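Both of the next two complexes hold chain A, though its partner changes from chain B to chain C.
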Partner chain A sequence: MWINMGPQHPMTHGLWNLRVRVEGEVIRDVEPEMGFLHRGIEKISENRHYNEVITLMDRCCYVAGMSWEQLFIQASEQALKVTPPARAEYLRVLSAELQRIASHLMWYAAFVQDLGLMTPFLYGMRDRDLVLDLFQSYTGARMTYEYMRVGGVRNDAPHGFTDQCRKVLDWLLARFVEYDQLCLGSTIFRKRCDDLGVLKAPEAVAYGVTGPMLRSAGVRRDLRKDRPYSVYDQVEFDVPVTDTADVTGRYLVRMEEMRQSVRICRQCLDWLDRNPGPVLADHLPRWLGAPYAPVGREAYLLKRNYPTGLGFSMVEEPHGEAGAYVVNDGGEHPYRVKFRSPVLINIWAAKRYLPGYRIADIPPIMGSVDVCVGECDR
Partner chain B sequence: MADSPARTGSPPLETTETERPSLWVVRPLATAAKQFAKSLWRPSTIVYPFERLEDPKFRSAVGVESGRPIGVGEIWDNYRGVHALNIQTCISCNLCAFSCPDVCIEMVTVPGGDPKHPKKCPEIDYGKCSFCGFCSDACPEGCLTMTTRYELSVHKRADMVYSPQKMYEVFQSKLPMNPIRVARPENEDAIRLDPPLCIGCFACSRDCPTNCITMVDIPKATPKPGEKPAKRIWKEPVINDSDCVRCGTCISVCPKDCLFWGSRE
Partner chain C sequence: MRGVELSAALAARFGDKFLGLDPFPGLVGRVRFDPSVARALFEYLRDEQGFVHLTMVGGIDWVDHREVFYTLWSDRDRTYLQLSADLPADHPTIASAVPVWPGANAHEREAWDLVGIRFEGHPDLRRIFMPEGYEFHPLLRSFPIHEPEELEVKARSD
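For the complex of A and B:
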């Protein structure tokens, strides 16, 4: 018998449909259905200036906007042959790591609610709010930041930001201990999550699963280490892995990732304190450097030879490895933009990690995947 | 593939079958009870319609220590909310409308200009606005800024459109203005002229919002033998780069496409 879980189902965390074939209580086959949240972001991007695409990136993944901004901006800079100053790179890494903490806290809140726990949900949301306050303090918005620009970032961190940020990081580290007491300290939680949704390393690699799901299977794969972008080769951090490949393993990996993010953030803050400087590249073409769109006609484009090029960047996003491909044909708009969504692939591997378990196991397992449909359907 | 896979994070809990099930519940509850006790005199939330984060009383009292949100002082002022427009200083350069990714800004005529050059100020449709702040970043005069006002619910859709006058009222309400300074490239492109194409039509200097374009006389070209002397005005624009706000109005009105963006020599 096929059962539709979604598109309106508390398990889905967004708009998607999981069709499940069951025999009694046991899942025999699953078939994810995507596309309910398709907004055509790749196509809209072709009609916008490079900087204007950033507004779409924040809406692409609404819990990890900074990571997606970084992804697109890196690809665009490669395509446009622009080099940002070092301070902008550190601000970007700081933003991306704060975003990882915020995204994982959001995951924590949603995941424990899938398990039926209300208290950790409130804790997770409360502490995520502190990170969002930090974002608000230097970008001006809580979720849709529009912070990064081609060639740098919008503005420098305001006075006193680094001290405030350090305080929040200290506060968060103390909270993470409490999360573990609430979840790992509870035998009920462990009995529920251990050996659930197992996706072993060979299958995970074969399906292209990335991010915490892959690392929980024991594969030490993290783009920040394996293919360092931005200034990740300048900061010290570890890549957490577990060998359990189950829901508990994913929990452990994400919790440790948040601690490592705090570590990276502190190093970035120290660097930012020591090295003042510009946050936007010196000379940019008029329609890139300015924070606003240019006025012009075809004629002025023909008069000048703007560089053409391709840009491809991959970013270790909180959910996994995201990719962006940007084709610059010398015009004001990108000629083609393509994104690789990690969540889409992590969901499609459900054919491997769901069958054999019971219907009641679906919410915890899919909760541990950290689904964000916004980037999935784009 | 896996180099030394090891458990990280907290050490694994030994789940023994002999453990009393009542402990399963009690242990996490102890943590929760601690937080509950704390929250009795230090709640993490504010009672929204009656208390507001932007209230001065929260500016000093709210912070990480109390577990409440950080919205303190100038940090809250960075918020990108409803726009405030100073109609007096607006130069009608159109940059806000050009920069809007959602095309929600329309330039409408406001009283104050002369009949030949009507003064135009932005009118924002908040039904479309995404609060990206590109318009206030683009404003060269700092007259279009974003304020901390965030309550936008209205009864009619038409009320979502904020006229310049309505945004001027927001400006007059003296809300804290966004203190963030946007980074700009030091070496911005400037307007350049392709002299052979220019016909001296005055369109650029007429429409320049900052009056930084002056038309200067140029020597008349001597016609080749057998050719009629060209009928044109022997003037061409000279642009004062320090006054130019780089709005591109001159480029868009130029009938011959002889103005373009170029780097400053």
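For the complex of A and C:
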């Protein structure tokens, strides 16, 4: 018998449909259905100025907007042959790591609520708000930032930001201990998570699974270490792995990742305190620095000087490895933009890690995947 | 250095079906190949060159022809490689990578849905984002972006 779990289901956290074939209580086959949130971001990007695509990136993944901005900006800078100043790179890494904390807290809150634990949900949302407050203080927005630009970032952090940020990080580190006590110390949590949704390393690699799901299977792969982009080679951090490959393993990996993100943030803050400077490249072509997209005769005249090129960027986004491929054919708009969504592939592997378990196990297992349908459907 | 080695190995193995390796900053390079050897190339790269992970598959509509590209990751070398093949616009077909990397399933369905590239041997080549029965492949240049009111979305077949 086939059952539709979705598109409206408490387990899905967004619009997608998990078709499940069951025999009694036991899952035999699954068929994820996507596309309920498809907005055609790749197509819209083809008709927009590079800096105008940043707006779409925030909406692409609304819980990890900064990571997707960084992804697209890095690929565009390679395609357009622009180099950002060092201070902008540190602000980007700081933003991306704060975003990782915010995203993991959002996951934590939603995940434990699926298990029926209400207190951790409230704690997670409360602490995520502190990170969003930080974002608001230097970008003006809580979720859709439009902060990064081709050639740097829009503005520097305000006076007193670094001290405020350190306070929040100290607060968060103390809260992470509470989270672990609430979850790992709870028998209900352990019984619903241990040895569930097991996806061992060889299958995870074959299915293209990335991010915390892959690291929980014992594969120490993190693009920030393996292929350092931006200034990740300048900061110290560890890549947490577990070898249980189950739901608890993914929980442990994400919790430790947040601690490592705090470590990275502190190093970035120290660097930002010591090194004032510009945050936007000053040699930008006029059409990139302009607040508007040149049109008509002006665009025609400028077009003769447009560079051409290909841009490829991969970032370790909170959900996994996100990729962007930008084809610049010399126009003011990208000719083609292709994004790789880690969530789409992680959900797809459900064909591998769901069969054999019971229907009641689906919420914890799919919760541990950290689904963001915005980036999955794009 | 890796690019030079790989280029020589591919030339020895695939002869004139291997069309060259272009430099690509930050990657090993960009391998251009003839689509007729796709399946053999995938297996060779996975088994003998260590590219175990398929990162993305996509297509580009260049109006007079279509390009299909693959990005691969090697755990051994900690690096990416891009593959690219040109397909004729009236018959954009290439062998599926699903038997080699099972994770290609969703990527190829997406490329079929959005760019209209057919993957032969794919177990379940249906649309993934757009509804079944939709008459356009939206990322083609011929997609009528200025007349959205004229588009009529047909119901899913099931």
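Just a few scattered comments:
Just so it is clear, the second predicted complex is superposed on the first by the 368 of 378 C-alpha atoms of A that agree within 3 Å, B and C clash if a C-alpha of one lies under 4 Å from a C-alpha of the other, contacts with A are read in each partner's own complex, and residues count from 1 in each chain.
Keep this in mind: contacts are C-beta pairs under 8 Å (C-beta built on N, C-alpha and C of every residue); 3 or more make two chains touch, one makes a residue touch a chain.
The structure presented is a predicted model; accordingly, all values stated were derived computationally and were not measured.
Placing chain B and chain C on a common chain A by superposition gives a fit, with no clash between them. When the two structures are aligned on the shared chain, A:Gly152 is found in touch with chain B, with no touch to chain C. In the superposition on chain A, A:Glu256 contacts chain B only, with no contact to chain C. Taking chain B and chain C in turn and counting the residues of chain A each one touches, the greater count comes from B.
Residue contacts after overlaying the shared chain place A:Gly218 against chain B, while chain C stays out of touching range. Judged by the touch definition given at the top, the superposed model places A:Ala206 against chain C, while chain B stays out of reach. When the two structures are aligned on the shared chain, A:Gly277 is found in touch with neither chain B nor chain C. Once the two complexes are laid over each other on the shared chain, residue contacts for A:Lys167 go to chain B alone; chain C is not touched. In the superposition on chain A, A:Gly116 makes contact with neither chain B nor chain C.
By the touch criterion stated above, A:Lys43 is placed in contact with chain C alone, chain B being left untouched.
When both complexes are overlaid on chain A, the residue A:Ala349 reaches chain C alone and has no touch with chain B.
After the two structures are overlaid on chain A, the closest C-alpha atoms of chain B and chain C sit 8 Å apart. Chain A residues in contact with chain B (one complex) as well as with chain C (other complex) are 205. Taken in their complex, chain A has these residues touching chain B: 48-49, 51-52, 54-55, 119, 123, 126, 129-130, 133-134, 136-141, 144, 146, 149, 151-156, 158, 161, 164, 167-168, 171, 178, 180-191, 194, 201, 205, 217-220, 238, 240-244, 252-253, 255-256, 278-287, 289-297, 299-300, 303-304. Across the interface of their complex, chain A is touched by residues 1-3, 5-10, 12-13, 15, 19, 21, 23-25, 27-28, 31-32, 35, 44, 63-65, 67, 69-71, 74-76, 78-80, 94-96, 98-99, 101-102, 130-135, 137-138, 146, 178-189, 194, 246-249, 251-252, 257, 259-263 of chain B.
Residues of chain C touching chain A in their complex: 24-27, 30, 52-56, 58, 60-61, 69, 71, 75, 78-80, 82, 101-107, 110, 114, 127-131, 138-139, 143, 145. In the complex of the two chains, the chain A residues touching chain C come out as 34-35, 38, 40, 42-43, 46-47, 78, 205-209, 221, 226-227, 310, 312, 314, 321, 323, 325, 327, 335-336, 338, 340, 344-345, 348-349, 352, 377-378.
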